[in-house]
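What follows is a pair of complexes built around chain A, which joins chain B in one and chain C in the other.
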Partner chain A sequence: METKIHRKSESLSINQSRTKRKQGKSWGEFLTPYLFIFPFLAFFLIFFLGPALYSFVLSFYRYRGYGEAQFAGIDNYVRALDYHVFWTTLENTLFYWVGHAVPMMALAFFLAVLVNSKLVVHKNFFKPLIFLPQIVASVASALVFQNFFGTHTGALNNMLGTDIPWLEDMDLARWAVVILLVWRGIGYWFIIFLAGLTSINEEVNEAATVDGASSFQKLFYITIPLMRSTFLFAFIVDGIVTLRLFAEPNVLGGRGGALAPVEMAPVLNLVVNNIRGARFGDAAAVGWILFVITVFITIVQYLILGRRRKEQ
Partner chain B sequence: MAITMESNLKQPLLSYSTKRRIAQVTIYLILTLFCIISMYPMVIMVLNSFKSNQEIFINPAGLPNEWTLSSYEEIFSSHTGLWRNYLVSMIVAIVTTLGSVFLSALAAFSFAKFKFFGRNLIFAALLATMMVPMELNIPGRYLLFAELNLLNSIPALILPKLTPIIGLFLIRQYMLSIPDALIESARIDGANYWTIFWRIMVPVCAPILGAFAILQFMASWNDYLWPSIVILKQEIQPIMIVLPRLTDETGFQKVWGTIMAGNTLATIPIMLVFIRYQNQFMSSMTVGAVKE
Partner chain C sequence: MKHRNLVHLFIALCLLFIGLGLVQAQDEPVTLTIWHWGGIDDNNQQDERLAEIYPELFERIQVENLSVGANDAEVYQQFRLALASGDTLPDAVTMNYIALPEFASAGVLEDLTECVAPYMDDVSQAGQALMQYDGETVAIPKQAKSKLWFYRTDMFAEAGIDPTAIATFEDFMAAAEQFHATFPDAYLINLGAQPIHYWYFTMLSHWSESRVATEDGEYLVASDPSFNNLFTWTKALYDAELTFRTDDFSADWNQAFADNHVGSWLSASWGFNWPVNEFSETPNPEQWGVTLWPEFIRAGAEAGGGIVVVPRGAPNAELVCEYLATQFLTTDGSVNYFEGTGVIPVTRSGLDELSARAENPVQPEGMSDEDWARNQLNFWGTDLIDAMAASYDVFQIFPYDPAASTELEILRQHMESLLAGRHETVQDALDAAQADMESQIGNPYEF
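For the complex of A and B:
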């Protein structure tokens, strides 16, 4: 407490000395802060914001990468929304999101509760082991899973003694993607939930223990309700990330460097396909539709979280 | 009355400490089981990398019947030239990491420690763009690199990845917590702002710079979408783009031994660093989600 007050008075004196210097500020003094942000801003404008705005303009044009660009109005958007492949890939993406987020979050939370338990002494042994799949690159892990799920030569069919076409049957292949996402993602959310659990006030739990609550009662009546907004936040953040899913389904379902078949493709494949086909306007339009969906999900999240906060 | 009730209740089948013991063993069993499941794919990855391409078809899950390094020899042989792709990945990841940490730290220093016209506006505008997904600008970016004649070049892999706003944000937050007195006293001693940045801020901010560096290195190492669009020349594709496309002469059958050796080489060095710095890794890789 004392140190805080001390610091405050320090920064006050600095502000005073700053205002004193203000009159005599040289050009060098004036320019210094701008010079420090200039390199970052320059790269940001040229390679991020510029291309983003350019993509926005492009989405209203028909442009094949050479020659004259033709103004197309909202044609690109209409064509994208009219194209049945768009809806298939969007449905796949939503399937991947809900399909993997629910079991992944549940398992991650379950593991976090277990590791957080007072009975577990070796927390620092289990934590990195559970987190480990997150360290493996998504492409590398997708390849291991492709090998594992192989129809004639995969480890799974080998153990079961079957010839199930895990990756050739599209319904099964989508579940294989889900399993990969769950396996790889648990560690991440496990660490997040563990941090959330350790931040819950000990006194609440102790009071409940004194009142005779069992561990399960404490879990269901105290911990889970307190973590509810964390769950929702996690689910939404994970959804925004999953909308941009690309590597996992394409490596798992692709053959010889080709993208995954439409039946299991994520939305981003449309952007890539359009660029490869030099339909830059269409690619840009799909990108912006994706952005609108992201914004929509984020707004819904804030509305729900805001209402929750009011209720509490 | 109360006493008799107590004595009636206190006849449990198992004593409290035995129950505790059972619960503990159960939890440890479940956790161990989960650890085995999370390790299993990595174990078969490493085991398969020591089998020949042929043996994997017959024996995809067990220990190698015949341990061989032939898959690793493939990686370093001249006809696959895969070591070159490793080199590309390495160079891109290192340059991207150093470059973005440097640029972000410079800008963060200015946003945290200077007062200047437009500061809050620029910073707020930058934060707002965090909503825009990187993937959205790919068509525009592709045409920009075509215009610059940089398609199929290593700079195309580095330049767009140098300015993630999350890094700027994290480093600025950290710098805000550093007392201004440190800077003021260096000023009085006659240090210029560059010296203050390089000699004081960078060393003091080492923890957050390191955390952001881990984040950036992993992101660059794992990147798949943009490199697969912009680099079509196989010699300079990052290793993650090449590995899924490795097939035998027929072009249909994947050479699983070589692929697993490639995966192992791409994973094990990072894993060793992770084991050494596990806490830093876990906190820096999850830092993006704990903003709230």
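For the complex of A and C:
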């Protein structure tokens, strides 16, 4: 009891001293940090949170962008979930995500390990070279791939001596998108993994070498476990970006300004089509469904990869 | 000087400056803001040339052409935003006729009946059709995208095909077969597994009675014969393997012309030297001819055509209408526009003028030989103007409703499924398309 009272009086005196310190501050000192973060806060509230909340409200209305909006309850959500195109495009999006993420991450990590090792000389030559596809605009790279995969005049078919309809057969076209995503993404994640590798304390590897560990053992028992935080970041960020995929499939599969066929279209096409058709309530509803799916997938990834990290 | 006199002098000077300001303000030309998509260099050049022809008009106005999007859909989106905010309305907006029903039915466009009345006698039937929606005059016609068939005269002659003699779909199939038999590496037309978006309404516009839905919201896609024809013929052409398997604007498309794999193109008049730029790259540019579409799908238009509308509440509605009418509905204005853009006039007198010039085309001073080779009048001679004049006679616009863009997406999706074999029959595809329209759009007129 005595101890409790003593602790209470101790915490009271600490609070009193804090209050005194606060009272001693001038208004200028008090406001300065808030002024520094004000531009971000204002930008965030006006250009992100405000429109996001507005679109959430809009998702319960039928609205063509001007005139009066009509309350529609959850009709827009029901209509989207009841539309087979939504599920087809969602399946495509998940295919693009799963199809490209695993090979891209594996290749990017492999290249990062290789460039970080003593096997590769002229590291400063290879680093920008591998990063190069990332600096090409996504639309420009998709246009290049459109010509690369052309059925009759494409470089790939010319090399193979075939007439494979890479972009006309939708099953093949989806793989063409995956190849494009892998090609574009490797450079970025290569740099991230390289940064992760250089942050690993060299002494750990040296100690393992002294203990007689082989290169593979060091990779699998030291490097990869210590890189789990980087992998978690990579998979989560890549997942979020891929679920919002738009340019690559549409440039590869679209013709004359139209969007890609449904069989290879990502979910975002449904949002864009609704906006083009002045159906803003429907567009907002699809956008929010996609948001929920993105959050769900992120949490699942975090639980799987994050738990393993804790176990380590 | 007394204090009171100083005050009087001050007031007098103020009044003088205000007066001078008003005079100056009256003399200053009014700025008209026009929204477009894509580049605006051509529009600015047209205005400079138009100012030379109509200096009096351009003493009162100056035109600010703004590109507010990469394509027409982005312009509509900007227009909706402007309508929502209400205070950033431009004086005029360029659009395709397919978008007109949405805005006209919402009552947000200015009635232009009085403004265009003096010009109407000279406006072709195609131009007049483009100006109307639901009986009201709400648009200035910029370009009638009437249906034209571009073809290789040498290949057609060698295959023994007269394009003007093709009357039925069966004739067309027979011609396709004959063409491919004569040239085993070539096909009459190209058609891939994802037909280009303008294929649908360009075909459907042939049937004047065709429409997607009634104003009561009853969909006709599954029952109207025109939709059945569109799907049946496309499927038959595709399955017969008598077309070059690629779609317009695909990676293989241009090269297919250059390599003599495709003998013709069912298209429209798009101006801007289309398709001269494409064909002049082919080995035999002089061998291209132009005629009307085959008789069984001859009438109609692609997306109606290009128009300019004036929003209700536009800052300078009367003045902008005068400017637009001068640009597109006068002989000199419309011919001037053709010279800069290749867009064929919708005026009768403009067509006559071009027809006369096409008889004996003269290379303008300062025009390079390369540009002259691609000049519409030089490239086609009288063929193009004659074909355009004839196509205006069969010009008609599909009765688009306010949900046309969504309807088109649904039609595309089920056509592609039909061609890929995911729908067993044409009727299955049409039933599925109609079901999607009913569930996703509802009544398109209660948009």
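We take it that the second predicted complex is superposed on the first by the 245 of 312 C-alpha atoms of A that agree within 3 Å, B and C clash if a C-alpha of one lies under 4 Å from a C-alpha of the other, contacts with A are read in each partner's own complex, and residues count from 1 in each chain.
In this text, a contact is a pair of C-beta atoms (placed from the backbone, for glycine too) under 8 Å apart; a residue touches a chain by one contact, two chains touch by 3 or more.
What you are looking at is a predicted structure, and each value in this text was computed from that prediction instead of being measured.
Participant: A:154 contacts which: chain B (first), chain C (second), both, neither?
Facilitator: Once the two structures are laid over each other on A, A:154 reaches both partners.
Participant: Tell me the contact category for A:86 with respect to chain B and chain C: first, second, both or neither.
Facilitator: neither
Participant: Given the touch rule stated above, what does A:65 touch, chain B (first), chain C (second), both, or neither?
Facilitator: Both partners, chain B and chain C.
Participant: Quick one: chain B or chain C, who's touching more of chain A?
Facilitator: Answer, by number of touched residues of chain A: B.
Participant: By the touch definition at the top of the document, which applies to A:168: first (chain B), second (chain C), both, or neither?
Facilitator: second
Participant: Give one of first, second, both or neither to describe whether A:263 is in contact with chain B, with chain C, with both, or with none.
Facilitator: Second partner only.
Participant: For A:111, select first, second, both or neither according to whether it touches chain B, chain C, the two together, or no partner.
Facilitator: In the superposition, A:111 contacts chain B only.
Participant: Looking at A:273, would you say it contacts chain B, chain C, both, or neither? Reply first, second, both or neither.
Facilitator: Once the two structures are laid over each other on A, A:273 reaches chain C alone.
Participant: For A:51 in the superposed arrangement: first (chain B), second (chain C), both or neither?
Facilitator: First partner only, chain B.
Participant: What is the shared patch of chain A, the residues that chain B and chain C both contact?
Facilitator: 65, 146-147, 150, 152-154, 255-257, 274-276
Participant: Would you pull the chain A residues touching chain B in the complex into a rising list?
Facilitator: Those in contact with chain B are residues 7, 10-11, 14, 17-18, 30, 32-34, 36-37, 39-41, 43-44, 46-55, 58, 65, 111, 114-115, 117, 119-120, 126-148, 150, 152-155, 158-159, 183, 186-188, 191-192, 195, 233-234, 237, 240, 243-244, 246-247, 251, 254-257, 268, 271-272, 274-276, 280, 283-284, 287-288, 290-291, 294-295, 298.
Participant: Mind pulling up the chain A residues that touch chain C in the complex?
Facilitator: Within the complex, chain A contacts chain C at residues 64-67, 79, 82-85, 146-147, 149-154, 165, 167-170, 253, 255-258, 261-263, 273-279, 282.
Participant: Residue numbers of chain B touching chain A in their complex, please.
Facilitator: Residues of chain B touching chain A: 20, 23-24, 27-28, 30-31, 34-35, 37-39, 41-42, 44-45, 48, 56-57, 59-61, 103-104, 106-107, 109-111, 114-116, 119, 122, 126, 129, 131-144, 146, 159-160, 162-163, 168, 179-181, 184, 193, 197, 218, 221-222, 224-225, 228-229, 240, 243-245, 247, 251-252, 254, 256, 259-260, 263, 266-267, 270-271, 274-275, 278, 281-283, 285-286, 289-290, 292.
Participant: State the interface residues of chain C toward chain A in the complex, per the touch definition above.
Facilitator: 71, 73, 76-77, 80-81, 83-84, 102, 106, 108, 192-194, 196-198, 245-252, 255-256, 261, 403, 405-406, 409, 412-413, 416, 420, 436, 439-440, 447
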